[in-house]
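What follows is a pair of complexes built around chain A, which joins chain B in one and chain C in the other.
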Partner chain A sequence: MIGSRRFAVLFTAPLTVALLALLIYPLVSTVVLAFRTPEGVVGIANFAAVFTQGGFGQVLGNTVVFTLGSTALSLVLGFSMAYAMDFIEVGRRWLVSVFMLPLAIMPVVSGLTFGMMLNPALGVVNQTLLQLGIAGPGWATDTTTALLTVILIDVWQWTPFCFVILHAGFRSLSSEQREAARVDGASAFQELFHVSLPMLRNIVIITTVFRFMDAFKAFDTIYIVTQGGPGRSSETLIIRAFMEGFRFYKPHTMAAIGILLLVVTMVSTRFVGRMLDQRSA
Partner chain B sequence: MTTPIRTRVFAYLWLGLCVLVFMAPIAWMVLQSLKSPIDAIAVPPRFIFTPTLDNYVAVLTSRGFQEAFLGSLTVAVFSVGIGLVLGVPFAYALARLPVPGNEEISHFILSTKMLPAIVVIAPLVQVYRQLGILDTHVGLILAHILIVLAVIVWVMRGFFEGLPRALEEAAMVDGVSLPRTFVSVILPVAVPGLVTVAALSFILSWNDLFFALTLTSSKVKTLPLFMGTEYVGFLAVDWGKLSAAGLLAIAPIVVLVLVLQRYLVRGLAMGAVK
Partner chain C sequence: MNRRKFLLTTALAAGVLAMPGALARAFAQAPADAKIDWKQFDGTEIDVLLSRHPWQESIEPLIPEFEALTGIRVNVTKLPEQQFITKVSADLTAGSFAFDAFMTQFYEAPKFQKEKWTAALDGFLADPKLTDPAWYDWDDFFPGAREIATIGGSYADRVAITSEAQVLVYRTDVLEAAGVAVPTSFDELLAACAAIKEKGGGVYPITLRGGAANWWPLYGVVRSYGGNYLDAEHKPVIGSAESKAAVDTYARLAQFAPPGITNSDWDEINTAMLSGQAAMFLDSSVVFGRLEDPAISTVVGKVGVAPFPAGPAGPHGNSHYWSISMAEASQKKEAAWLFIQWATSKPVQAALALKGVLGPRASAWKVEGLAEEFPQQFLDAVSTTLSTAVIPPAVEQFYELMDPLRAAVQEVILGNETAAAALDGVQEAWNKILG
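So, the complex of A and B:
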């Protein structure tokens, strides 16, 4: 196309400028910040300080447990729902609407609602358990259950995301191949593992990586429900970084944690980017 | 596919259980929002009570809620609008025009969706302070543009790639310039894609807590921040008002999701599902 190079510049320049100002410049500054303190360049001292900080091991562990736990649970749950939808006809559209609802709910609001329901003394969950003669746990207020509580809330919020994509995936499968397998006498499970799953492979992987990244950077739910507490029992890297920067006013420490997060992000993105490109190729 | 009755019953039971789990918090919010303050914290919790709309009236007439609602609306509309103006031509260029480093740029844009905002927030606060746009609508809108760009560019790129090239070629033969072709030929057929990304971007902006928390303090109010502070105290939590405000805050998005259900799937998967 004649002159299209000129238009390529015209079409891409505005966003490029916006990204340079809003993203590239701050990113570079963060890298610089991470290797400095107000007194000057300190090399990796900020990183060393982060790693040797008391409780950092716990924060790292929480991040791993939260990210993997939330990803795995919401995937398995979302997949089971999408698969079950395959066997029904009546009410399917209604069910999709219902299952999509949590996606519409502001994480702040669902966090507050769960906080209300899981209030150890007055909440509806423990009160109902009490009626059944069971003493409910302390949920978000107990160091042993706080992390699990925020994981479950996150799973409630984001399982619909997995469900919606996987459901669309199941709908896009050719029914011929699957029926052929059934006619040949394959059990439902054989069909699932040998016919459907291989065809859904890419969609499952993409869903996993997107979910993983969202769980990895989860902030709202934890901030609203526990603020990382009690103690450090539900504190993840993001919450730690936020506290360092905005509670203790240590932007250099926040930047150092930020670099760790950045590395994980870059690795995951290259991976999912290639997968998505394969699909469109 | 013919399904054995037993399997079908099992599927319905499982889905029914899931409906209960996923609807329970919403249903409880609705119940709580209709209760008087005494009913809302009654022990044991009341399922039968005299409903009242007092909470809704109180929330809707409170200055704070009105300001936050308007603030959220302003920020979402402008960030989505500007995001579309910047992102859609960019996506088209990636899909069709000879942009050097096309693939790398696309991957980079995708990575901005996954990048935790905490990574860039410290320098952003510094720059905002120097520019004097901390705690302004302009400042928050700029940050939200960053949130929405990835979904706009990535999904629209996929959408444009799916359009037949004959569309442009016909216009080219007629001697229509590329920008005019883009506006009068391409954009009209891209409406389904535009609806998808506009809706998703709106949700992302509407729900954002992080930037509101870090870039604003008193002058700019948005719903997530208002919800997180207004009805929650260390001593008293007004559960009735909290629930009413929560439902009102999510109402626009619930409507959006229900109406645009079909459009949203593709966008959520960033184009991974057709």
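So, the complex of A and C:
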């Protein structure tokens, strides 16, 4: 009895130490930082400063549009691609590898590449459009299109992530049930929505959660392509946090934004966790 | 044989034959003549972080000479300017900055000194074991450059390495084809842009920074219109009528720039000139050496330089002195000081001047052979501009102040807001930040 307890302690100790050092300590120090300035403890003043900042409403709106837009688009695209794979017999493995390529490219690299391609004066995209007689948009350099541009680049980068998980999900479905549905006269549409999708429910939810959390804290692409500009048209909370902490030397304001981000993530994942529980109940 | 080698060879030959006065002086300045032991840190390795800049491009090939002189190995890391600024501030804040010496800009000085991120250099400068004062000759630096050393307010933590003035660079052939004279005022500049747009054969009239660092060239325009960012007491005056008129002019000029100007910073405006895409350039004079370099430029021999144009309050181009500093966290400060001393010494500054990077030392502007390297027109334009040039105020919250201004200028350029409304917003934001 004692032997097995010592055994348990022995084996969980490394994990406990790692969690304390890498998760708990940074979290606690961020919380402490968020409630003080170099002058001392200030209560919620840092949060108040964040909320009353010029342009904060716009930054918040951008964050919501970016997160929901990028999540929804990459999920729908990834799902369609994964479903389409079901009907492809020849060269499927090759196609899957090709679709996964963007995942292997660092966001910094794809950001720089897209930034150059979409440059209105020098980039290949607008040059090509011009050949077709179309005056291309300003992409990342116009306030009306900058946010959409970074969303599209983020979707390009992360659709393969949704695709890979959902593809594996489709492959794991019982083919007997799906064939039975078809034999019974269900249309492809009915089969997808009434047989396959319910079976994939948990996988879709988990993919959505991961993708949502990822889009919520997307940094590299936005910072490389627009730095949050022009104006504040593509500035999200995470960009603001970075600027506050590392450009304006105000780590306490950065910590306050960090706490806000953490709370939103925790609330939304808790909600999803409950959805998963309902399923098993 | 490139020009520098040629000059060096002829100088050596001439020296051996006759040893005329000027050359004898030049030899007396060689690093080996400094009365210190350069080899005292033989075998040490130092890490140096540089921003991509003509100064970096020109000094890197000389670093092996320093390594041979001292036996110190220099590991150079270089980054594009925006990434450089980001890395330095991020690493210093996080306490993970791992370089011994690094390039610095004076806007950050108050913050860097408050946090003790940069080391005080006075001690090294005064130590006869490390510095030969007669050979190094501190008073040879321009007064403005000496001021930069202590601009942080508490101690000397930087040595100027460049002097740059905001000038008007233009394509002689395009201006001639469009039939316009070289602009001397902002009204003439706007008129010239309109003429080039009409008759310039598809070349964009001007290239300007509209991206994250648009506040740098804008400052020269604001001062020339009689406005300012902060007053002498560091109170915001960006909302003044003069500042608004200046931003309005800047935005009108921006309409003549290649599309995508809100993403254009130093690299992009350089590319626009080097590739022949744009006809005029209202930014730092250091671009000139690059435009005349056939290895990277398509417009060699077609480039003119004029003093900064005058606004209602006269011509007041922005100016800049990049500097080099030592990290307080460095464990090899003395070896790093030898590097800083060497890099800012007379012979190295002279060699850099001959490569097109004019330094903060008076002697570097009088180097033998400089008149061959630079047209008199360039030297005149820069020195005329420097005589009335301004530098932005250095305050601790500098970059925090520049962010809302940057955003507002972009909104005005894109026509989403008027200069008046946008700058009222900036004034309010600055009052709050400094209040």
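We adopt the following convention: the second predicted complex is superposed on the first by the 265 of 281 C-alpha atoms of A that agree within 3 Å, B and C clash if a C-alpha of one lies under 4 Å from a C-alpha of the other, contacts with A are read in each partner's own complex, and residues count from 1 in each chain.
The definition used in the following text is that a residue touches a chain if its C-beta (ideal position, glycine included) is under 8 Å from a C-beta of that chain, and two chains touch if they have at least 3 such contacts.
Nothing here was measured: the structure is a model prediction, and the numbers come from that model.
In the superposition on chain A, A:A255 contacts chain B only, with no contact to chain C.
Contacts of A:A18 after superposition on the shared chain: chain B is touched, whereas chain C is not. Once the two complexes are overlaid on the shared chain, A:P230 sits against chain C while remaining clear of chain B. Of the two partner chains placed around the shared chain by superposition, chain C is the only one that A:G55 touches, whereas chain B remains out of contact.
Once the two complexes are laid over each other on the shared chain, residue contacts for A:R270 go to chain B alone; chain C is not touched.
With both structures placed on the common chain, the touch criterion links A:L122 to chain B and to chain C.
Applying the stated contact rule after C-alpha superposition, one finds that A:A140 touches chain C and leaves chain B untouched.
In the superposed model, more residues of chain A are touched by B than by the other of chain B and chain C. With both structures placed on the common chain, the touch criterion links A:F246 to chain B and to chain C. Touched by chain B in one complex and by chain C in the other are residues 122, 245-246, 251 of chain A. If you check the complex, the residues on chain B that touch chain A are 1, 3, 7-8, 10-12, 14-15, 18-19, 21-23, 25-26, 28-29, 32, 41, 43-45, 85-87, 89-90, 92-94, 97-99, 103, 106-107, 110-124, 126-127, 142-143, 145-146, 149, 153-154, 158, 161, 172, 178-179, 182, 203, 206-207, 209-210, 213-214, 223-224, 227-228, 231-232, 237, 239, 242-243, 246, 249-250, 253-254, 256-258, 261, 264-266, 268-274.
Contact residues on chain C toward chain A in their complex (touch as defined above): 82, 85-86, 89-90, 93, 111, 115, 204, 210-212, 258-263, 271-272, 277, 396-397, 399-400, 403-404, 406-408, 410-411, 413-414, 416, 425, 428-429, 432. The residues of chain A lying in touch with chain C in their complex are 54-55, 115, 119-122, 126, 138-143, 226-227, 229-232, 243, 245-251. Note for the complex: chain A touches chain B at residues 1, 3-5, 7-8, 10-12, 14-16, 18-19, 22-23, 25-27, 29-30, 33, 77, 80-81, 84-88, 95-110, 112-114, 116-117, 122, 124, 127-128, 130-131, 156, 159-161, 164-165, 168-169, 172, 175, 178-179, 182, 188, 202-203, 206-207, 210, 213, 216-217, 219-220, 223-224, 238, 241-242, 245-246, 251, 254-255, 257-259, 261-262, 265-266, 268-270, 272-273, 275-277, 279-280.
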